[in-house]
């Protein structure tokens, strides 16, 4: 089948970009969406044209490297899946597909569809950890964690840091990402000693990066390839309020 | 070249303690004077960078991805082994050690493996303290499961995302240090050369993948934690950006490369669907616990699997290995599948897959039970293939998954270049010729958290390290080499894309240096690879320029290195005239088709030394002795 | 970028809270919930119009003569200001958070008509409140020299005014259809069992507020003999 792509092309952060149209021929339904883009790139390179820059790595939905907004949806039409898990059998011959980068002030464009998500790293560096040095840990089973708590923490911890929550949010808010990290530690006894400090610091770092506010539109939850729930955002709100009140 | 393993003498269970005591300590006040460069941010790299920074060293960390959290360790599914013996089922450090040596088909260094088993428990403690959400029992204690045919339940796991959770734990430790200013993190940087001054590793040359700027970084020690080379086969379960460049560049600067032919092929992957396929996806081996593997008895049987009557099916694993049936080890299951497809009895559109059938399991334990046990794997499979494994058999095929070979390191994890250390999958040390399930995560973290932070101190105190600057001649020359190479890649302006060359190389490797290897095939590979390489430098098309974000250039550089490395791998496979673990030489098998080791001639590590452009590499050997684990032949028939 | 906030003193912490994205939202939500309380009280008072003009007028008189009223009114204005100022600031920050928008933005269906139109309905409500206070409280325009009940009826007799009133309280309903459950989420309450109920209850509340307020212009403007009510004659029409 043949697909018409309207793809965002932008040389670098400082130059303006625009949608450019390409026709990709010879697509088979088993191809993944990214393999379709690979095919386009192979054709472009063979013609000596600059191929489309886009990020991807593991291509099995766990590394969080791939992004893309496809026809206005972060990670494409499927729920609970990353772009690299999208297959061309979702499309039919003659379809026109628009592909754009994740858009946010805090994710500046590097080139074409590639964005810089280091703002997430900086938020993590502000407090997304338990301060424990190598070697200082006690016996693992000395900390008992109820099964359900551990499962809840795991639900939050399964965030892959792809940024789809930001891309999908009408306000480009990073609340779901921050909430997932804060929740994981807030649910576990290991996170308790730094509970207040962490949420205050991560919130400050998040705002400093220029992400938007959460207005509870819940598009983040709908776009999240790992089905991270907005109940985590509620927990983040709670944790932040609590920390503001009680921390010294 | 002398291969000094520096393994401590005396009883093996005391050797690590003894060694740690003998290592000189760095004065705490002096630690911040030493700078450590860490390349790669996977389990080994993140763990080492964070731990060294905690100790007080200046650390600079480098990764090619946009964030340290995306390293390929994240994709590991199954779990991590440790000898905690929580289930009280008879596990011990000794047993984990023994299983690992035996699983590695007696081609690993005993002392290293013993140390790995010893520190395995500390890894679990450390990860739990970091907040890694391991699976728990209702009482709140940690859960264990049995993995990869082990007879004890020693595997800790976090759903099917253990690698992710362990990496995020290490990443959080790393980011804590980045926030504290003790680690300087350089993302989207690719190491393109190693700088050696007076025979000692003193720096690296990296390319900023965003701006294209080539940078020089000096250090008192360089740690390569850059993962495996499975992508030499083009299609593998590795992430797209996994490559051999960092270790290969180090090899060309004098680090010996050990056992490159030891590659692991995983039997239960989603099969290749077509030419455009960019990677393969692994499904947990646990599928073989209940699934039955078969192919039609007739060649090129185009009927639907449901229409093939029972007596026209060949359940070949059950037929060939009646004792173990579908549960034979990875390498045996993989080779048997290849044999079937070679005979023309493969199934699916490409003929390159075999059936894994759950119909009997559904009949025996019920649909609900099958769903509960394998639901997520079935979902993953149907997502990729659009086939419903509850109604028709899955199709599976083996794929390259892990590489046991890597840079040769001594007991201190130091390569043959002083000051250059190698950790995790990138080194060769602990898995021998075959890695057991759930041991890769263990090794990466052991190296990064609990081995290197000690041994690096011994090196830094015991070595005279004159001050260097990035203006030194060696830096200028190395940068020059990098620039020349980039220029050559960009200047060729041929007709074929780097990916097309990679695919060509992959086909040669898979066909001749894959699951079953023989002298004829290996020789054929050794004659074909240089041809492809020659064509590459004449006809590769790399668009754009070097001073830009240029993914084609990145890929071209990696493919160029694979084109050199593939030859060494094939050569190592040709010289190793025995079968062991993942290395199966068809000339060397028992009457039952089982790998036949030659302990007389090959109970050693083969370490290759680079002798210069166009000159054959020199093979050195480090003899392996087994004083604690009793050498024996595997038998699964 | 400051990694750790260095707010040692309490006033600073409060300021930081108000300036933070989460704090702002909590304040907007809190003001919104209190305004909902006002809406309920106001609606109950208004519904007295159905009981009769006299009852309604007596209620209004009691309200106006209460010495605490100016205080309550000032509080109300304060709530409005907090709600509006912080919302506007948040909205501006949200726009700035995505300087270059999408060419195509479809989303995955989580947004609701209410959530999409919060800024729009908010603005509509503000305009309505200004007109509402001007016409019905300060009685600018409309029939002169009559009691409040007659005055209100006089305004409702104007079909354009009534239609605008219904549209505006429709805006209130739409605003609340998102606002109520959103506020609860912002306060940090989300529970697998109760949240679906809260969402439904929020919708029901929004609808009741809309229906309650809209019933007045609909009834007194279009169903109840409007011609009789329109003329401010002596004694009115009984």
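A few comments on the model shown:
In order of appearance the chains are A, B and C, and numbering begins at 1 in each one.
Assume a contact is a pair of C-beta atoms (placed from the backbone, for glycine too) under 8 Å apart; a residue touches a chain by one contact, two chains touch by 3 or more.
Just so it is clear, the model here is predicted, and its values are computed rather than measured.
Here the chain at the heart of the structure, going by C-alpha means, is A. Taking each chain's centre as the mean of its CA atoms, C is the chain most distant from subunit B. Separating the CA-averaged centres of subunit A and subunit C is a span of 36 Å.
Between subunit A and subunit B the centroid-to-centroid distance comes to 27 Å (mean Cα coordinates, whole Å).
One inter-chain figure worth recording: subunit B and subunit C are separated by 62 Å, centre to centre, where each centre is the mean of the chain's CA atoms. Within subunit A, residues 125-127 each touch two or more of the remaining chains. Multi-chain contact residues, meaning those touching two or more other chains, occur in subunit C at positions 3.
Touching of two or more other chains is recorded for residues 179 of subunit B. Residues of subunit B touching subunit A in their complex: 47, 50-51, 54, 65-70, 72, 74-75, 84, 86, 122, 124-142, 158-159, 161, 164-165, 168, 171-173, 175-176, 178-179, 185, 187, 210, 239-241, 273-274, 276-279, 281, 383-386, 449-450, 453, 493, 495-497, 499-500, 541-544, 548-549, 551-552.
Of all residues in subunit C, those touching subunit A in their complex are 1-5, 8, 13-14, 16-17, 20-26, 90, 93-94, 96-111, 115-116, 118, 178, 181-182, 185-192, 195.
Residues 12, 28-32, 34-36, 38-39, 41-42, 44-46, 48-51, 53, 55-60, 62-65, 81, 85, 87, 89, 110-111, 114, 116-118, 120-121, 124-141, 143-147, 150-151, 153-154, 157-158, 160-161, 184-185, 188, 190-191 of subunit A are the ones touching subunit B in the complex.
Against subunit C, in their complex, subunit A makes its touches with residues 6, 8, 19, 69, 71-74, 79, 98, 100, 103-106, 122, 125-127, 168, 170-173, 175, 197, 200-201, 203-219, 221-223, 229-231, 233-241, 244, 247-248.
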